[in-house]
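Alright, structures below, take your time with them.
Two complexes are shown next, each including chain A; its partner changes from chain B in the first to chain C in the second.
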Partner chain A sequence: MEQLDTDLRPRVVDSIRTLLPRVLRKEMPEPTEQSRLMEDLGMSSSSTLELMLELEEDLALQIDVEDIDRDDFATVGTLADFVVRHLIPEE
Partner chain B sequence: MTALEAVATYLPDHRVPLEELAGELDLTPMQVRLFRRFHKLSDVCRAPGATPLDLLLAAASNLDELPAVRHRVRYVLWARTFPVVVPYPLNPLDTMCRLLGLDRAVAFTVTHHACATGLLAIDVAGRLLAGSPPDSLALVVAGEKAFTYDARVVPETSVFGEGASACLVRHEGPRDRLLAYATNQRGDFDDEVTTDIGRFQEEFQASLMGAVLSAVERAGLALDDIALVLPHNVNIVAWQRLCRRIGYPVDRVLLDNVPLTAHVFCADAFVNYRTARARGLLRPGDRYLVVAAGAGRGATFSAMVFQH
Partner chain C sequence: MLWLARAARRVFDEPAARTAHPEHGPHFAGYLTDLLKPYGLAPHPPDGGQSYGEMGAALIADVVRPDEPVDLLVLAFAVPDVRPGRATATYLSHVCPGAPLAFAVCDQGVAAGFTALRIAQSYPDCRRSLVIVVEQATLHYELPAPAPLPARHAGVALLCGDSGVARISSVVIGRDDPVASSVDKPPGQPYTGAWWALAGELADPTPRRVVVADRDPVLGYTCSSTVDFVGLEPDGVARVSAWDWERPEELSERMDTFLVDGATCDKLEEVARPPFDRAVLGDLGVTGVEFAAWKSRHPAALASDVVPLRAPDAEAAPGRVYRVDGEALFAALDICEPLPFADGSVDWVYAEHLVEHVSLGAGIDWLTEVRRILAPGGVLRLTTPDLATYVDGYLAGNTFFSRHRKRMRAAGLGPPMPARRAFMFNQIFYLYGHRWLYDFEEMCYALDAAGFSSEDVRRCSFREGARPDVADLDRVLRNDESMYVEVVKRDT
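Coming up: the complex of A and B.
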């Protein structure tokens, strides 16, 4: 998948990697961009939404999740791509 | 062809903000935020002090047509999410029939399709009426109390609200004619609360999509022919995902009641029907879908196509 080259994306990836153990409520080796959220880490679509809320708080932004699809939370990297593409502009 | 003669509902005025229910529903502050932000759940209908009989009677009493036709009511069906809702030997359905003057009707409960049982009851009523005198009617009622933890919350998915519906069904009728029914039962989800939520959520979408597309196909239609979808009021995010998956515009799914009532067991479809009528969203001839799903001792996914 296309990787977005923005300042934000690396911050989103770092934040996801930091937040994952808290959202999944378990200790784990530090995830990489290639870690598969569902198959490797056991995420559900609900825990993905929880991760979105935590991300919003951590990075002080708002994400539009209406278009999120299973492919978007394939890996840490694809989820970061989705977040960067679906920010809700500040009013 | 089975048809809906009249539909009435009862929703209590008492609405409880989700935050006030967090304690009894064992929701963390994060789960409350999730429900509000993405699932768009907000207020929950509750009728403190009301019994299941009170709920059913309130809905049936709103059925203005019933007094004039009660002698024609041959069957009374209570569509229920939960197989057991009162201790033996209480029988709210029997009491309701007596109080409404429906003593001569055959009354029974339909269940085991979880929250999709409302659609099953319409199908069963139609089949029974097909073998009855032509002017016969069936009364399908739905409504339950959020009386246990399992009847108050669906983990990570929804919150149950209290309310009820009453629907007169006839074998042949001029409007709201049933064109097709499809139900997709998944016995493999046979535990009360699945331990693999991720797989269940994925399968939930696929199975519900299967029921929707089957019903539309059996009606000889395409999705584009469907003017409106009357959904279950489980949450909004699940509908956004399903609509994207099947290529149907989410703004034609009547989701207005999700934040106002929460998921009113088997009565959702009828509550949404009343809202659609009140808002003038159904024009004569419109084909519309009613969709429901439920889990618990198996999962059931059902869809009906009607013509208004």
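Coming up: the complex of A and C.
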């Protein structure tokens, strides 16, 4: 019984956009939903875990990252889609 | 750091699958004739020869299991492919598990394989990278410049990545430097020979250093690569890596190496020598010290670690302050020695996951030193794995262990940790060079023994503390297992 919180996705997008400079340790023009994480922003596979953990912390959510793959990291928007679909319910 | 996990080597017999193809054969002759015409060349009778696409595909099947996605593939060759017109590296990416990012290196003679390894080294985030060095012996035209031709078609695939049986520590390509020694290169394989011999060395797990060295007689490149076998059993095709969670000594050595290899920067400029008082630190813009870090995120920090940073032309000498890459400051300091700072010279000290790496006694001595160098009102923030979290994880069978395992896995720390509770409990004591684990009470004891007043000790949350700029240094990767403790030095 999956229930999608419709307010959640915009919050996730905002959070990703805010967290990216911290995770990437550099100042950058505010990324958009279409910004490509690897090509445009220089995200690497080691920074991806950090971003997911920062998101969990920022949004007080648990994300199941086990079946994440490269395509989910295409843009800020695709990553937000992944996060919304892979929340672990609070126990 | 690039590790060599396993290797495959092969000789390819005639006829090659490609040239024997009933449809491609006739077209190939015409195609090659057209390609050569502008150079005033005509093809020899189009028989024999190998394509690196088919050779590479066979080597991939030898060395990569279907469930092992490869992130990066580099194809290296000197003799032209018998089949022109195909983007061979792209083709190999198509047949290789993981559809890796693919490069081809050519026109470098024997240096091609070494360049391929350097490319693999420059992608440290790749869990697996595959270097394929190939040569084929038949050409259907004269080469414009003389070059040794192989006596047979041969190929070597080196599966590298973040774990393996041997560490590839340096790959150097120069011009006409004398080459010290090399593995024995088989005759008739001018371009794959050195790698062929290296692949043979993998059968023997004895710890030793192997130097792969070669020289290109035409181009004058001398190349060498240092490969250190660390004594792990040779890696069978069935195993993903030689990382063994049940051998803490080996893991410890591997992690130490990892730390030493990671301690690099582009530029080190010495800016100050000890002792450091408040005035000297003030001139440098330093208000506090972050231990267990090569580069601090805090703009007014002096970062410090027992492992010195290295630049290509220099290594940080103990105790001196260096400007790193023109920005952050670093000093190599051993926390088991007195700290080279004057009394009361800093406003804050931060140390994440450091104190558990020394004995309780050494920890107390260091905390005593930290108290000495803190100015009155100064803050010490410590983070360390919380023994209580591990005890709760063991006793209650709660989700901490399973989440922590996933997190370590995602962080690329070796193969999945065993799920057994006793393993998860033991590893925090015996791995990573840990010497003493703390719960809050034990930390209060140590701080009290170091002269801090126990009523000034406070347990904090992740990134919450007396000084937001210091608490902000907490790394999110560790927030599942850590406790955060602060103590303020009294004014008296």
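Here are a few things to note about the model shown:
In this section, the second predicted complex is superposed on the first by the 86 of 91 C-alpha atoms of A that agree within 3 Å, B and C clash if a C-alpha of one lies under 4 Å from a C-alpha of the other, contacts with A are read in each partner's own complex, and residues count from 1 in each chain.
Here, a contact is a pair of C-beta atoms (placed from the backbone, for glycine too) under 8 Å apart; a residue touches a chain by one contact, two chains touch by 3 or more.
This one's a predicted model, so the numbers in the text were calculated from it and none came from an experiment.
In the superposition on chain A, contact is made by A:Leu53 with both chain B and chain C. Of the two partner chains, chain B is the only one that A:Asp67 touches; chain C does not reach it.
Residue contacts after overlaying the shared chain place A:Met28 against neither chain B nor chain C.
By the touch criterion defined above, A:Ser44 lies against chain B and chain C together after alignment on the C-alpha atoms of chain A. In the superposition on chain A, the residues of chain A contacted by chain B and by chain C overlap at 44-46, 49-50, 52-53, 65-66. Contact residues on chain A toward chain C in their complex (touch as defined above): 25, 44-46, 49-50, 52-54, 57, 65-66, 91. Within the complex formed with chain B, the residues of chain A that make contact are 38, 42-46, 49-50, 52-53, 65-70.
Across the interface of their complex, chain A is touched by residues 30, 33-34, 37-38, 156-157, 197-198, 201-202, 237, 240-241, 244, 250 of chain B.
Interface of chain C with chain A (complex): residues 71, 125-127, 297, 399, 406-407, 410-412, 462, 476-477, 479.
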